[in-house]
Amino acid sequence: MGIIEWVTTIFLLAGAFFFFAGTLGLLRFPDVYNRLHALTKADNVGLGLITIGLMLQVDNWVLALKLLLIWFLVLLTSATAAHLIANAALRGGLPLWRRP
Amino acid sequence: MNISAGGFDILLAAVLPLLAWYVLSTRDLFKAVALFIAYGLLFSLIWVRLAAPDVALAEAAIGAGLTGALLLDTLGRIGSRDTSGAASAMEPEGGPPDARES
Amino acid sequence: MDGLYLGVALFLLLNILLGMVRVLRGPSPADRMLAAQLFGTTGVAILLLLAEALAAPALRDVALVFALLGGLTVVAFVRRAWSPPTQVNKE
Amino acid sequence: MSQFSLYAVISMLIFSIGLYGFIAHAHLVRKILAVNIMGSAIFLLLISAARRDPTAPPDPVPHAMVLTGIVVSVSFTAFALALTRRIYAETGQAYLPETEPAISAQKQDIVQK
């Protein structure tokens, strides 16, 4: 296993860890706004690390560009969705969580 | 490698009937539709496992995106409370479905 | 390397199944849609990993379509379906 | 147990669940969901039958049928949802006229008890 394989392994495991942290945050956080926070971390950082790890393995720069495009689209989608849900919840008067 | 691939098959095959049962037996229709969206996503993973990426592409395009949007749009119009059916036939009525003019 | 890809993909599938608990339990509809959004992103990651592991480049196109249409359901949910508790729906 | 027999058994299980849901529930959106679930079970059976021999490339004819079927099922869903909205706009309820009086009679009974 060369140095590239080791770097890919590290990136993939870090991405999987971020996805796991996002899912755990979705389960454990008490509030829609807090859960949004956990969710966007999983979307952006987790998928980004996995994409970078896979980009090191492809041998064609067009394929690497395609992976980058997928990550960019997910970034755009997740930012839009998070903003829309947070805006609707805040405007609709969903109460904020306070530490009891 | 074979263990991981077989694990995919076993997990998907164990979860999908359970998910179908939950979709059809929950009281809240919003919950049913959200579960149905997850069900479509797992189905496209099954098609990847069965070496049919063309079907997975079609399912991703219209199964996951379009059907969920159509169902959510209709639920926003007619309300998400299901006061009938096998799940809730023995429950006292929780209020009429809101008769909002459309 | 293929074993690593498949293992990480299996782990992400287990994450999806774990997040299903939030769909089942979530108090407000927004929680359920948030979980569905996370499933979409995790599905993109699984598809990319499987494309590398099974040597099937067509799966990257499937992932691309998923990434494009993943936001459609959330937008339809917020704009057309969800009326939060105190808001009067004006249509 | 091979991949084919596993998915064939699972697809029949899902089909039975969908059929039960279609019969047992009166709400129209739930019926549409049940029909979609039954359709996806049939697609699963066809695709797994196309890959019955894992060493050979899969049979393209069931793939084409399933692609057509997916498009048909989406357009069916859209049409049925439009009909549901129409029924709701006319009657204020999302049930078929045949099942609706029985339900309200049952509810009257429960309320009186």
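Letters are used for the chains, namely A, B, C and D, taken in the order the chains are written, and counting of residues starts over at 1 for each.
Please note the rule applied: contacts are C-beta pairs under 8 Å (C-beta built on N, C-alpha and C of every residue); 3 or more make two chains touch, one makes a residue touch a chain.
Keep in mind that what you see is a predicted model, and the values were worked out from it rather than measured.
Undergrad: Roughly how many whole angstrom separate the Cα centroids of chain A and chain B?
TA: From the centre of chain A to the centre of chain B is 23 Å.
Undergrad: Per the centroid of Cα atoms for each chain, what is the distance between chain B and chain D, given in Å?
TA: Chain centres of chain B and chain D, defined by C-alpha means, are spaced 10 Å apart.
Undergrad: Averaging over Cα atoms per chain, report the distance between chain A and chain D in Å.
TA: Chain centroid spacing, chain A to chain D, equals 33 Å.
Undergrad: Taking each residue of chain B in turn, which ones touch at least two of the other chains?
TA: Residues 51, 54, 66, 73, 75, 77, 102 of chain B touch two or more partner chains.
Undergrad: Going by the touch rule set out above, which residues of chain A reach two or more other chains?
TA: Not one residue of chain A touches more than one other chain, so the list is empty.
Undergrad: Would you pick out the residues of chain D that each touch at least 2 other chains?
TA: none
Undergrad: Using the definition of touching given at the top, classify the network of chains in this structure as line, ring, star, complete or other.
TA: line
Undergrad: Write out all the pairs of touching chains, ordered by chain label.
TA: Touching chain pairs, listed by label, come out as A-C, B-C, B-D.
Undergrad: Mind listing the chain A positions that touch chain C in their complex?
TA: Chain A residues touching chain C: 5, 8-9, 12-13, 15-16, 19-20, 22-24, 26-27, 32, 35-36, 39, 42-43, 46-47, 50-51, 54, 57, 63, 66-67, 69-70, 73-74, 76-78, 80-81, 84-85, 88-89, 91-94.
Undergrad: For a test of understanding, state which residues of chain D touch chain B in their complex under the given definition.
TA: 3, 6-7, 10, 13-14, 17-18, 20-21, 24-27, 29-30, 32-34, 36-37, 40, 43-44, 47-48, 50-51, 58, 63, 66-67, 70-71, 74, 77-78, 81, 84-85, 88-89, 92-95, 99, 103, 106-107, 110-111
Undergrad: If you look only at chain B, which of its residues touch chain C in the complex?
TA: Touching chain C from chain B are residues 1, 4-5, 7-8, 11-12, 15, 19, 22, 30-31, 34-35, 37-38, 41-42, 44-45, 48, 51, 53-54, 56-57, 60-61, 64-66, 68-69, 72-73, 75-77, 80, 100, 102.
Undergrad: Tell me, which parts of chain C touch chain A in their complex?
TA: 1, 4-5, 8, 11-12, 15, 18-19, 21-22, 28, 30-31, 33-35, 37-38, 41-42, 44-45, 48-49, 52, 57, 60, 63-64, 67-68, 70-71, 74-75, 78-79, 82-87
Undergrad: Inside the complex, what are the residues of chain C that reach chain B?
TA: Interface residues on the chain C side: 2-3, 6-7, 9-10, 13-14, 16-17, 20, 23-24, 29, 32-33, 35-36, 39-40, 43, 46-47, 50, 54, 56, 58-59, 61-62, 65-66, 69-70, 72-73, 75-77, 80-83, 89, 91.
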